[in-house]
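Below: one structure, written as C-alpha cells.
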Amino acid sequence: MEKDIREDIAWAQINKDVLKSLESPRRIYWVILLIAIAMVGVAVGCEIYQYQTGMGVANKNNSHVWSLYIATFIFWIGMSHSGTLLSAILHLMHADWRKPIYRFAEAMTTFSLMTAGLFVMVHLGRLWQVYYVMPYPNERWAWPNFQSPLVWDMFAIATYLSSSVLFLYVGMIPDLAICRDNIHAGWRKKLYTIMSLGWEGTDRQWRNFRMTYLTIACFLIPLAVSVHSIVASDFAMSNMPGWHVTSFPPYFVAGALYSGCAAIITLFIILRYVFRFEEYMTLPIMRKLVRLTFAIAMVWTYLNLIEFASVWYGHDQTAKDQLIFKATGPYAPYFWAMIFFGSILPLMLAFKRFQTHLPILFVVSILLNVGMWLERWMIISPSFAHGHYPWAWDHDQWPSLIQWGMVFGSFGWFTLLFMVFCKVFPSVSMYEVKEMVYHRSLAQKHKPAVKGDY
Amino acid sequence: MYSFLRLSVLLVGLVVSAGSYAVKAAQPLTTADDLGPNVEQPFEFPHDRHAGDAADGGMEINCMYCHTYARRSIVAGIPPVQKCVGCHQNIESVREAPRIKKLFEYWDAKKAIPWKKVHDLPDFVRFNHERHIQRFVFAQGKPVQEACGYCHGDVKKMTVARRQKPLSMGWCRSCHMKDHRIDATSTKTSQGPNDCWQCHK
Amino acid sequence: MIENGFNRRNFLKVLGWGGATVALSGCGNTSVEDGREFVTSYAETADYIIPSIGTYFNSTCAQCDAGCGIMGRVREGRVLKLEGNPESPINNGKMCGLGQAGVQAHYNPDRIREPLLRNGDRGEAITWEKALELINEKVGSVNPENVAFLTGVVSGHVKALLNNYLDALGSGHHYVYEAVAPSVVRASNKKAYGVEMPRLSMDKAKVIVSFGADFLGAWVSPVHFSQQYARFRKPDNGERGVLVQVESKMTLTGANADRWLAIRPGTEGILALGLINSLAAAGLPVSEDVAAAVGEYTSDRVSKDTGVSAEHIAKLAALLKERSPSLVIAGSAAEGYAHGSQNAAAIALLNQVLGNVGQTVEAPSSVPFPQMAPSTGNSFALQSLSDDMAQDKVKVLFSYGANPVFTAPAFFKLKENLKKVPFKVVFAHYMDETAVEADLVLPLNSAMEDWATLMPEYIAEGAQLNIRQPLMEKMYPGTLGVGDILLAMLKQRRPDEYNDYEDFYSYLRSAMVSNKDALGGADKDDDTFWETALSHGVVKLVGEPVNMTGSMSAAALVVPAPFAEDATYPLHLIPAVSASMRDGRNANEPWLQESPDPLTTIVWDSWVEMHPKTAAKLGIVEGDIVEVASKSGAIKAQAYLFPGIHPDVVSVPLGYGHEAMGRYAKGVGSNAFSILDPVFDNETGELAMHETRVKVTKAGQRVIIVKDEGPAGGSQMGRRIALRIPSNKVNLSEEV
Amino acid sequence: MSITNLLENWSDFRHQHPSEDRPHLEYKWAMSIDLDSCTGCNACSVACYAENNLPVVGKEKFAHGHSHHWMRIERYWDNDGREFADQGAQFLPMLCQHCESAPCETVCPVGATNHTADGLNSQVYNRCVGSRYCNANCPYKVRYFNWYDYPTTDNVWPAPMEQQLNPDVTVRGKGVMEKCTFCVQRLTVAKSDARTEGRLVLDGEVQTACQQVCPTGAITFGNLVDPLAKVGKQWMQQQVDLNKDKQAKDAAEDAVKLRGYRILEELRTYPSVMYLEQLRESAI
C-alpha cells in the first residue's frame, strides 16, 4: 500500500515548504500571472464595448437569445462543485487523502463561482439595472418574480458563494495563525494578524473550530447539490425542446463534479510544479483523484444516455427532432466532440499507467473540461437553433469574437484570482497535513492494527 | 454537540430578528413630502393670486378653469395664451404689471409661452389626469383643490408651482393600495389598479 | 374668450410643431425630471385640440395612383400615422403597407429643402423668386413648341392648371409617363368594352381567372380589390369564390389562388382561346365566328403550347361553365409581350363568351369634369419624348412625378438625350436620378403638406374627387406645392387671370366653391360646403354610367405560336412589380425596405427568382450572385430558388438599384429596368416589359440572403402551424 | 411594499392562468385571424411599425436576426414534391399570442412581463433587465430584443424622422425585450373613455393597428367576455375554448369541420389568438 504522503516529514518542514510558496514560487508563476492579466484585459475591453454598444455585438439574435455567456456560466458554476466535494463531502467521509489538496480546490470553488457570477452580469441586456433582481424593500414597491428560476439562481449562487467563502476562510484560520507567527513584517503580517482572529491553538479554540467547520461542511453539501439543480431548472423548467428534461438536475450535478475534478487535476499539476509541492501533492493522491474522476465520468455518461433514451423513446417529436439535429446538423462536430471528450477519452483514466502520468493527465484533464464546456454549449445553442417554431429556426448563428473574447478572458480572470490566492494564502492546508503525518506515524508506532481511529 | 446547536440557534435567531424588523419597518417614501427643485419659468405665474383663498387675496379660481384638459385627457394641459389674455385684456388694474406686459408681448407675437414642466414623469409612465379627476372630483365629490392637491400639493399657496410629492412608483402605489370609496354616496370601496400596463407604456 | 375665425389654415400656422419635442430616451432609469422639458402649449387653439388626444384629418394618399382616402392622426401639431379614410369608397378605411409608409416620405431626412440651381456639378441654393424668374426667362426665350412637360399621372386642379399653362404658352407638349401601367390592357379594354377601365365586380363573381393581374398586390387599385376579394372569398351565402391565377411568375395574387397555373410565358392568349374551345365543346353557346376562331385550339394543343395540363384546362372549363358569373382579368403578365394586345383581346373574348360583360365587368361612371380626369400614362410617351430630345426638339423640359432616368430602359438612352436639353427643371422630393440631371430642382411639399384635388382612374362607385390637404405645417419653409409652382408660372403668363389668387389654396377653394352645385353642395353656403368637403376628404359625384360599346371580332384575333427557343438567351425575364417597391419611387422609405417581400421574404436587396429545376441545370444554389444578361445589358443579383415560377423564366423585382435618391434607397439592389430589350407591343407601341430574353450565369460569389425565412424555408416541419383544409369540408355560411 | 404585504398577498402575487378562481370579469382581449382572407400583403406589419415605434434596423442587422417585426408574415409552401407551389402559399401573420398561461411570464426574473386583468401579456420596458429568458421560453419566438440602442447611437430615426414617433408608446432603448401589446395604448384610451361614460368598451370601438389596416378584414379583435363581440362569437362558433388545451371538436369525426385552431395549443400556453384554417377549392 503506497502512502499518500511521506509520513516522516517534520512539522517544521511542512511549515517551511508551504510558507515558501508565499515567498518564492518558480518564475513561471509570474508568467502565468501576466498572461492571466492580459486575458482579463481582453474580456474587460469586450465588455466595455458591449456595454456601450448593446448586446448585438455578441451576435445573438431574436430566436437565439442565449449563447456562450450562459454556457460558460454553467461551466464555471459546475467547476465550483468539486471544491465542495473534496473539502466537505470527503471531509465527512474521513477520506484523508483530500487534506493536501482540498484548500486549493475550495479556492477554486470560490473563484469559479465569482467568474460564473460575472457571466450573469455580462449576459444581461441592462446590467445597470441588475439590482431589480434582488428582493429588498424599495421605493418602487416592486418585488422580483419569485417564480423565475433566474431568481432562484440568484439566491442559490449568492448563498453558495458566501458559504464557500466562509468555509474557505474558516478552514484557513489555523494556517493563517501559522503564517502570522512565521512572517515578521510587512502588510502580510497585518493581514494575517487580522484574519487569524487571535488564533492561539488552545483546546477550546480547536473544539469550537472543529464544530464550526463541521457545521458549515454539513450546510454546504446540500447547498452544492441544490445550486446546480437550480441552474439545471433554468432549463428543465422551460418548454424548449432539448431543455425540458426531467433528469437535468442530476445530470447537471454529475457534469459539474466531473468538470470540477478535471479542473482539480489540471490545477494539481500546475501547483505541484509552480510551488514545488511535490512532497504534498503526491502521485498516490493523484491516483485517487483520477479514479474519482473516472467514476464520475461514467456516471455522467450514464445520465447522458438516459437523457438521450428518454427523448428518443418519449412521445415528444419536437425534442426528438432536436436531438437528431444536434447529432447531424451544423452543431454535429461539437456534439460528437463533446461525446468523445466526455465519455470516450476518460476511459484512458481507467488504465493504471495513465493515472500518474502527469503530462498526459494534464492534457487529458484539459480536454475533459473542453468536453464539459461543449456539453453546456450543446445544451444552449442547438435548442435555440432548432426550437418549437420552424420559422424562427436559425442554424447559422455563430458567436461573435466579443463572446469568444469574454469566454477567453474568463479563464484569465479565474487564473488571476486563483494565482493571487495561492501566493497570498497557504494553498496547502498545513495543519491538516500535519494531522496526516502525525496520526499516521502514531498509528504505525502504537496501534498498527487500528487504522484511522482518531 | 451543544455548541453545534448553539451556532444554529444563533443563526436562526439572527434571521428571525432581521426578518421581523423588515416586516414591521416603515416603508420609505409613501406619503412624505419631497420638495422638487425651483423651476425657472419665462415669467412668474402667481398661483396664489389666481387660485388662493379670498381671505388671502386670491381669486379662488377653479383649477380646471385654466387646466381645462385635466378632466378629459391624460394631461392637465397648460392654457393657451389666448385664455390668459381673455381675462387680462379686461383687467386694466394690473395691465402695466411687468408680468402682464410680458404676457401681452407673447400674445402680440402670437407665440406660445415656453413654460417648463414642473411635474415631469419619465417617458415610460402614463399618468392619466382624467381618471383621477373623474374618480375623486366627479364620482366622489371631493373639492377640486383637494383632489389635485393629492399629487400637486397646496398649489394655491405657491406662486410658481413646485413639486411637493416624490411622484415615485412606490408613492403612487401607496395610494393605489388604499381602499377608496367608489363614489360620494356608496360605502363600497375599491383600490386603484395594480396592473403594470395601467401606468407603464 | 376671444372670438376669432379659426379655419384650417390658421390652425396649421398656430400649431407649429416647433414646441413639441419628442423624447427619444425611452426607458432608462429616468426618475422624475423637473424643469428640463418644455410643456406643449399654444398661443391660441381650437376647442377640438386637446393635448395628448389625436385629431384626425382626411386627405388622399400619394404613394401610388389608386387614390385611397387617408386619415392622418395629428397630435401636438405632428402627423403621426396614416389610417384609411372610412368615407372613401375606394379603400373604406383600409390601407396597404405602401400607403402607411407615406409618413416616411413626409419626414424623410433626404428631402430637398430649397430650390437648387446647377452650378457645375453642384446644386446651389437659390430663392424661389430667382427660380421662378429663371423659368420665366428660359420659357420666354424659346419657341413654345420646344417646351415639354413630362409628368406622372396628373388629375384634378393640378392637371387643370398644367393644361392652362400649356394653353398660355400657346403650345408645349405634355407627356404622361407611367413606368409600370396596364396601358395595353387599357387599350384592349377600350377596344373590347369601349372603356379603358371597366369596373370589376369581383364580389359578384363565383370564379375569377386572372391572367397575371396582381390585383391584391400592385395592380390598379389593390386595396379596393382586396376588399372585394374578401367578400368574394366569404360571401354572405357562404359560397366561397374560386380564384385561379395563370401566370409565369407567382405574384401575391397567385400565392392566394386556389390553383396557380404556371404557364409558358406569352401563351396566355392561347390558353384563353383554348378555354373558349373547351367551353364550346362542353356546350356553352358561342357565336359561330368565335367557334371558328378557336376551333384549332384543342385541349391537347393548348396544353402542349402553354404547359398547363389538359386536366387543369378541363377542370377550369368545367368550373367556369358551372359557376356563373365569373370574371376573367388580363394583367401585366399577359400584356407584356409584343403580342400583348392579342393576348388581352383573347382574354377579353373569354369574358365575353362567358357572359361576364355587364355582370362582373361593369361600366364605370362618366366623370363630370373631364378636364380633371386623370391623364393616364404609358411608356410610349417617354419614348416619344426621348426621341424628341434626341432631335433637339426640346429646349425646356419640366419633369414632375416621374423619375424617368431611373425607370427608362438603357436602350432609351434617356440620360444622353437629356443632356441635349439646355434647361431641365425637375420638381422633386428627393435628389433622385432625374433630379441629379436637372439644371433647376424645385423642392416639393410632401403629400402631408400639400393641397390638391385628385381623381383616381379606378373609382369604386360613382365618380369622386379626392381632396388632399395639409395634415401639418410645412417641415421646411423652402418647399412649395406643385400647384403653387404652376400657379406662379401661370401668373407670369396670364397675370390678369391668376393674380387674384394669393396661392394655390385660394385658387383651389374658389374653383371648388364656384362649382359647388356640380359638386353636390348646391344647398350649402360656401364655407359649409368647403369645410364639409375637407372634413370628408372626398367629394362624391354623381356620374352617369357610360356605355360599354366595344365590340370584339373573333375573326381578327390571331395569337402567335409560343416563343421559339433561343440558344443564347434561353430564359425569359419577368421584371416583377412588387406591392411595396413598384417602380421604385418610394424606395427611400425604410419601412418598405425592411418589410419583407411577401413571397420571398427578402429585405433590403433585389434578387433573381428562379425555379429549383432551372437553378439545378445551371448549377446555381440559393445566394449565388448571378449575372442576368440581356441583349441590352446585364445586372447582378443574388439567386433565390422559388417554387412559384415557370422553369423557363427568371424574375427580378423592379424598384431597386437606385443610384441616387437617399440613404435608404441608394445602392440597394440592382435596377432591372435597365436591361429591358427594345421590344414593343404590336398595336399600341408600348414597351413589352416581359419580352426580354436573358441568360443567367454564376458570377462567382455567394452570399447569405437577408430574408425573414429561416433555414427551414417554407416548411412547417410537420408541426401544426399554418393549416389548410379543402373548402368543401367546411360550412362557411355558418361562420360568424 | 413591505414584506408583510408580500406574505399576505403571496397567493395573488402569482396565479396560474387559465384559472377558475380568477375569471376575466370585464375584459378579455382576444383576436382571430382568418387565414383564408389573409393575402400576405404585409400592410399589418407596416401599420405596426407606424403605431408602435418599431425601429428599422437595416440590412446588416436584419441579416443577423435583429429585426423587430412584432407582426411578422410567415410564408409556407406545401408543394411537397410537386414541381410548383400550385395551390399558392400559406401566409400566417404571427404576433404575440397573449397566452393565458404564458411561458414567458413565469420565467422573467423581475416580473417585467405579467398577465393583466384583461388577459393581456404585458411587457414593462423599464422594468426589463434584459435576461432574455422570456424569449428563450417563448415557443412562438415573437419577442424582440433591443440588441442596440436604436434611438440614439444607432440613429434609426434621423431627424426629422423622430417626429413620426407615437408619443403613446415608449421608445425602447438598448437591452430591453419588446413584443406585440395588442396596441395596449389604444385599449387604455378606449377603456378610459368608456369608464368616464360608465360603461364597458363596445365591440368595434377599439381596433388594433393591424386590424384597422387589414384590407381584407382578416383580423378580428375584441373582448371575449362581451357577448356581442364578433371575436367571441367566432370563438364560440368555432368551438375553440380559451381554457382548454385540447378542443373537443378536434376529436370528433364530422364530415363538416370547423376551421378554428390555436397554434401549438398542446404546449398548454392557452393562446388568445385563434386562427381560421386556410381553404382551398378541391374542384380545381
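Should a chain be cited, it is by its letter among A, B, C and D, assigned in written order, with residues numbered from 1 in that chain.
One rule holds for everything that comes next: contacts are C-beta pairs under 8 Å (C-beta built on N, C-alpha and C of every residue); 3 or more make two chains touch, one makes a residue touch a chain.
Just so we're clear, the structure is a prediction, and the values are computed from it rather than from any experiment.
Relative to the whole-protein C-alpha centroid, the nearest chain centroid is that of D. Centre-to-centre spacing of subunit B and subunit C amounts to 53 Å, using the average Cα coordinate of each chain.
Our note on geometry: subunit A versus subunit C, Cα centroid distance of 65 Å, whole angstroms. For the pair subunit B and subunit D, the distance between mean C-alpha positions equals 35 Å. Of all residues in subunit A, those that touch two or more other chains are 63, 129, 137, 141-142, 388-389, 391-392, 394.
Multi-chain contact residues of subunit C (touching two or more other chains) are listed as 23, 25-30, 52, 704, 709, 715-716, 719, 721. With touch defined as above, residues shared between interfaces to two or more other chains in subunit D number as follows: 1-3, 67, 72, 74, 125-128, 170-171, 176, 264.
Taken as a contact graph, with one node per protein chain and an edge wherever two chains touch, the assembly is complete, since every chain touches every other chain. Against subunit D, in their complex, subunit A makes its touches with residues 52-56, 59-66, 123-127, 129-130, 132-133, 137, 141-151, 154, 234, 237-240, 384, 387-389, 391-392, 394, 397.
Partner subunit B is touched in their complex by these residues of subunit C: 1-2, 14, 19, 23, 25-28, 30-45, 50-53. Those residues of subunit B that touch subunit D in the complex are listed here as 19, 22-25, 27, 72, 122-124, 126, 128, 130-131, 134, 170, 173, 177, 193, 195-198, 200-201.
Subunit A makes touch with subunit B in their complex at residues 137-142, 207-208, 211-212, 214-215.
Partner subunit C is touched in their complex by these residues of subunit D: 34-37, 39-43, 45-47, 49-51, 56-59, 62-63, 67, 69, 72-79, 83-92, 125-126, 128, 151-152, 157-167, 170-173, 176, 209, 212-218, 230, 233-234, 236-238, 255-259, 261, 263-264, 275-284.
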